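I've put the structures underneath this note.
Here subunit A shows up in two complexes: once beside subunit B, once beside subunit C.
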Partner chain A sequence: MKRVRDWREDPKVKFGFLAPAIIYLLALLIFPAAFNIYSSLHRWYMGGGEPVFIGAANYLRLFSDSRFINGLSFTLRFVVTAVLLEIVLGLLLALSLNILNRGKRLIMTFLLLPLIMAPIAVGYMWRIIYHADYGLVPAVSKLFGIPRLYVLSDPRLSFWGMVVIDVWQWTPFVLLVLYAALVSLPRDPLEAALVDGASPIQRFRYVTLPLLTPIILIVLFLRLVEAFKVFDIIYITTGGGALTESLSLYIYLVGLKQFDIGYGGAAAWIFFLIVLMIVTVMMIRLRRYMGL
Partner chain B sequence: MAVRRRGLDLYRLGAYVLITLFMIFAVIPVYWMLITAFKTPADTREFKFLPFIDFQPVLDTWIDILFGSLSEQTLKAIRNGLIIASGAATLSVALGSLAGYALARFKYRRWKNRDIASFILAQRMMPPAVVLLPIFMFFSILKLIDTHIALIMIEAAVNMPFAVWILMDFFREVPREVEEAAYLDGLTIAQTFYRISLRIALPGIVVAWILTFIFSWNEFLFVLALAYSETITLPWLISTGFSMRALEYWTISVFGTLAIIPPTILAFLIQRYIIRGMALGAVK
Partner chain C sequence: MSKNSGLTRLEAVLAVLFIIALIAAGVGWTRPAPAAETVTQTVKETVTVAGETVTVTAAEKTVTQTVTAPGTTVTETVTVGAGEKPKITILTSAPLSRYVRFYEKDAERVLGIEVEVVEVPYGEMFEKISTDIITGANRFDLFLGPGDFIGTLASQGWIMNLDEFMTTYPFLEDYLPWIREKVMKWAGSYYALDFDGDAHTIFYRKDIWTNPEYRQKFKEEYGYEMPSPPKTIDELIDVACFFNGWDWDGDGEINYGIGLSAKRGAQSAWTIIDFAAQYAVKPGPPSKYTGVLYFDPETMEPLVNTPGWIEGFKKFKEILECGPPGITDFDVSDVRARFMAGELAIGLDWTDSGPLSIAPDSKVKGKVAWAKIPGAPRYWDREKGQWVEEYNQIGILNFGGWVWYVMKSVEEKPYKDLVFIYLIFMTTPDKAAEMAVAHGETGVNIFRFSHLYERIPDYWIEQGWDPESAANYSAVINELYNSPYVLTDIRIPGFERYWDALDLATANVATGVWTPEQAAEELYKAWKQITEELGVEEQLKWYRQDLGLPT
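Let's look at the complex of A and B:
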């Protein structure tokens, strides 16, 4: 006699379904990530013979390497600035879209485009726009009588140039998620507030915002971890020049262009620990909103 | 719509202005790239906005890229992109559907379900640059540099957590009673899974497959590291367009436009699921 409980509790079945994915991830992501510890403790050049154990020397070198410090600082500033702008702008736009009478569907369909575009193509697109001679930005700035803006070569502008690209690509994502959340909010609290004569600002502050907070935090989390990965748009616009080298680009250049596996491994390991810390803290606090 | 008073016109006006400004900002770069793809090299250096009025659109670059001197390179990149993205999508959905089903259905006691799910999702959040150098070395040792299999394997790995998460979300909606009935009717566990549960969760499978296809199609860092000539993709061509010959904006604009086409078509098919998928089921 077969009983349903049996197979759902059968350890072999439970293990069999889950194991392939876990083993695959362990082999292709966890093990390589951890392998950085080994490489980071060695002087090791690709194609340059056996690794030589040098202890923590690579780490000491990293913290006196102004290029690495700049990469770290650029990445952190980039993540914070871009993501905050995307959340604030996305929220304002979602609220605006919500009170629009028509054209919603068209706008929402168009705004899917940035989400599915290759970041490298997005970066390329902006490269033409920022181009010193033929670009739109220098031309428009000249039109307004201010000196031509050389976004990609001027270190004072390059940071914002990168932020604008990320904001261009990902604000629509924040907007669409928040809008989807907005239209599915329960009606009653809002109508009660309306009956009580709350002003639109009060309704937003005391009703809509608290209801939206969990979803805002999730979007913030998703954007944060993606923004940390920034590579493509920088690679194709400045190539890391004008003080825009992100940690991902730094690791790529040190490891695969200078062939310094040990040193690149140390940078990668530090990068891993920073992201791991943020992900762990945020995941534990947010996962109950994510259906776990 | 909820009860709405008149006299909120200031807010409404503000909303219109904000949306309009943002839409202009959102449209211009794409529009600029699209028209650049149809300009002559001389016209790309001028501020000509309107086809047929400001400039005469031409297909020269398209012909050059699809049929002329660059066609071999382009077609190879498109073919590679399709092979790698569909391979990676299939692999991550295959493994992801098993794990997604397991997390939606079974109860793990030693490590709780939510811890396992968090652990899997966290893999997606790790920056690819962290594993870049070790992966490069492992694939060098295995003599897999510049092969499809290497790119399929790594892109499947970075996207699989995503597939697991989406599929877990969809499998939760499969009614247990249907599975139980099928099982009691004499199907084995494997049959119940792939004849009943998988069929019911088919929209989820399609969504996960398409989204991982799009991510892999767009992926650049691993292609840059692991492809030299045989497995190059369109993102790779876009990036090297700057060094191949001089700065040929018209050429790269065509590559850029080509790169958008497959994701756009696929995304169109699952339009109403894209946001649900990309937000990992946080909104329905």
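Let's look at the complex of A and C:
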């Protein structure tokens, strides 16, 4: 008896269903990425004639470009500092909320407000808070009798100014995820530890923290990826002045303001590879930890 | 059934609202655009708009514009097919977009055209126009943009040469000389039609300047009469510092000396050239040793590490000590807002300060005097390699102004002539005066003889100016545009890159990241690298063309 072939097994049908996703990937990911590689190998200044092939010259130039190196340095310091603070503060807040009996919803609502604000709005708000003359920060510093703090124009303070904004906006995200994880932790190990006479610190150190670690690593991963892209708050507050030019901002300026398409493309690729490397290491550790 | 299953009432209401919003949005998206209006009836309309007569005969679609300027009468006629309604598409940005929109309906009604204004943020204009050309979309007919784009646009052949148009353009002689000869021209040809005069001046509070007590105090402190206006950068620093940090207007609030843009990415590059030019440029027409600020016009070697530039950086840094707290974080809007609120004794900014000073919310109406950017007591002579102890005051057309560019693709468009008629319509003297004198919010500042106070005093007074302030403001601008020599921005390909490096150096000096010497050195390296990447020979050719030197 001749077997009737199921139409669902027809490769053409399969391909037909896959086509939209493939087209989407090709158009919005593969082609732009390939085109960026092409442009990064050329001297191509929009408004300056046709692209000229220069091999790896754009990539080599990056290593002697002080702005690229400073941008990378700023970005790495920023990511490490801000994300670390966010994780620690977010965890502390989540633990505090978890032991509260009343008012959780109200406190949570207030704490989550920064998270729902657009980064541009956050930037403008903090620009006013930091404003050298009528801002809150200089006013408070004056109130306490310490010299006025010019956060946006003092290179000694500007880095921390940016970190504070990021921590203010993104700690609630860490809090939200970790709190959700905390309330859904299995009760048995905690109760067993309690019966065994473990102190609160011991319960946290040996029970809660190990159970939370996979979630912390996921949050860490998400925040790292996001923090590397820091742009909006810097663009709005300092414009990259006072030693706060992040790599994203620099790439934007080179590629889309100065139209040095080739060099901007090379910088973007190197930046992408650095982030990819860090994220890959993170993922490997996460998988190992979770036994995957 | 579980208590928590299903939707709560609130969630249900929100869901319904969300669906309604989606449907409404969908209807909005899918609703067909109104059909282009076609002219089917025979209408002959004659409109007179303050000196211009425009006749539209709609059935044949003959558009005739007769413009009468002082001593000039020009009639332009263009015929397009009956029933057609050509659409002129304009790319621009705020605040000049307000000017285009101000006359949008008039232009559509009078010329029988459709005007489409595409407005993008200032920083995205170049990207938008270059993408339009490179991709071959050629959507835009006109580009109302910064005058300093002229070098890039003209050198790439992206805009039309307007020499032929200017032979019949009725208002050419009305333009102030340097607007006509520098801002509108590149490599000896017209490529732009200006609609704005942009240059920096200082403006200061004449009411406190004339206070005898303050004058006496200043003399005691500095050993000379309070200069009115300051003639040199040093005098400017002295008066700024004198008025800094005390309540000189008796309102119980501390006042400050000077405000200027110093923030990164906030137009501080235009501020630093005010200072550097006075010390670094030997006056004279453009040549190897005179009349140039940025590059050696024979070698394309950056001049930014010369002693003149370093002195400019030093003076810039020095004057920041005589401003409000956080002046290093000032952008243009801070300067304007703080001066107009009566907090500053001096401002250094574009000539927008004029109309803003008479705005309804201004606290300094009738209390302001204007002056050209002060000069320097000496300048660096590169030829001799030494300082020359001579007073030096260099005029600069910072930014140049907003100009109309006609895109090259218009040459192939059937309504090409109508584009030029539209340009004439939009640049008639009455419109220009209305924008420049009465509508400061458009960012248009005076740029023609016919705008000057001495020509139309009643109009200035009607707008709220007092005669003394109007005469002073108008005269300072007129004097600048009639100076023997003036400098412009860098108007060659790569302008944005050179300017960004200058902006960074300036902001880094302001915030103390770099010393003036370091800034000069870093800027030199950056400019040198940009030039080498873009090709020294090529850049030199464009630079010389921009300066009007033989190539």
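Criterion: the second predicted complex is superposed on the first by the 260 of 292 C-alpha atoms of A that agree within 3 Å, B and C clash if a C-alpha of one lies under 4 Å from a C-alpha of the other, contacts with A are read in each partner's own complex, and residues count from 1 in each chain.
Throughout what follows, a residue touches a chain if its C-beta (ideal position, glycine included) is under 8 Å from a C-beta of that chain, and two chains touch if they have at least 3 such contacts.
Just so you know, these numbers come straight off a predicted model, no measurement behind them.
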First (subunit B), second (subunit C), both or neither touched by A:L25: first
More subunit A residues in contact - subunit B or subunit C: B
First (subunit B), second (subunit C), both or neither touched by A:D133: both
Subunit B versus subunit C as contact partner of A:S153, first or second or both or neither: second
Partner chain in contact with A:L243 - subunit B first, subunit C second, else both or neither: second
Partner chain in contact with A:Q258 - subunit B first, subunit C second, else both or neither: second
Partner chain in contact with A:L194 - subunit B first, subunit C second, else both or neither: first
Which of subunit B and subunit C A:M46 touches, first, second, both or neither: both
Which superposed partner A:I107 touches (first subunit B, second subunit C, both, neither): first
Which superposed partner A:G161 touches (first subunit B, second subunit C, both, neither): neither
Those residues of subunit A which subunit B touches in one complex and subunit C touches in the other: 46, 131, 133, 235, 256
Of subunit A, residues touching subunit C in the complex: 43, 45-49, 66-67, 131-133, 138, 148, 150, 152-155, 235, 238-243, 253, 256-260
Partner subunit A, residues of subunit C touching it in the complex: 123, 126-127, 130, 134, 152-153, 156, 158, 263-266, 324-329, 493-494, 496-497, 500, 504, 507-508, 510-513, 522, 533-534
Subunit A partner contacts - residues on subunit B that touch it in the complex: 2-3, 5, 8, 11-12, 14-16, 18-19, 22-23, 25-30, 32-33, 36, 44-45, 47, 95-96, 98-99, 101-103, 105-108, 113-114, 116-118, 120-123, 125-138, 153-154, 156-158, 160-161, 164, 169, 172, 180, 183-184, 186, 189, 214, 217-218, 220-221, 224-225, 234-235, 238-239, 241-242, 249, 252-253, 255-256, 259-260, 263-264, 267, 271, 274-276, 278-284
Residues of subunit A defined as touching subunit B within the complex: 2, 4, 7-8, 10, 13-14, 17-18, 20-22, 24-25, 28-33, 35-36, 39, 46, 89, 92-93, 95-97, 99-100, 107, 109-122, 124-126, 128-129, 131, 133-134, 136, 139, 168, 171-173, 176-177, 180-181, 184, 187, 190-191, 194, 200, 215, 218-219, 222, 225, 228-229, 231-232, 235-236, 247-249, 251-252, 255-256, 261, 264-265, 268-269, 271-272, 275-276, 279-280, 283-284, 287, 289-292
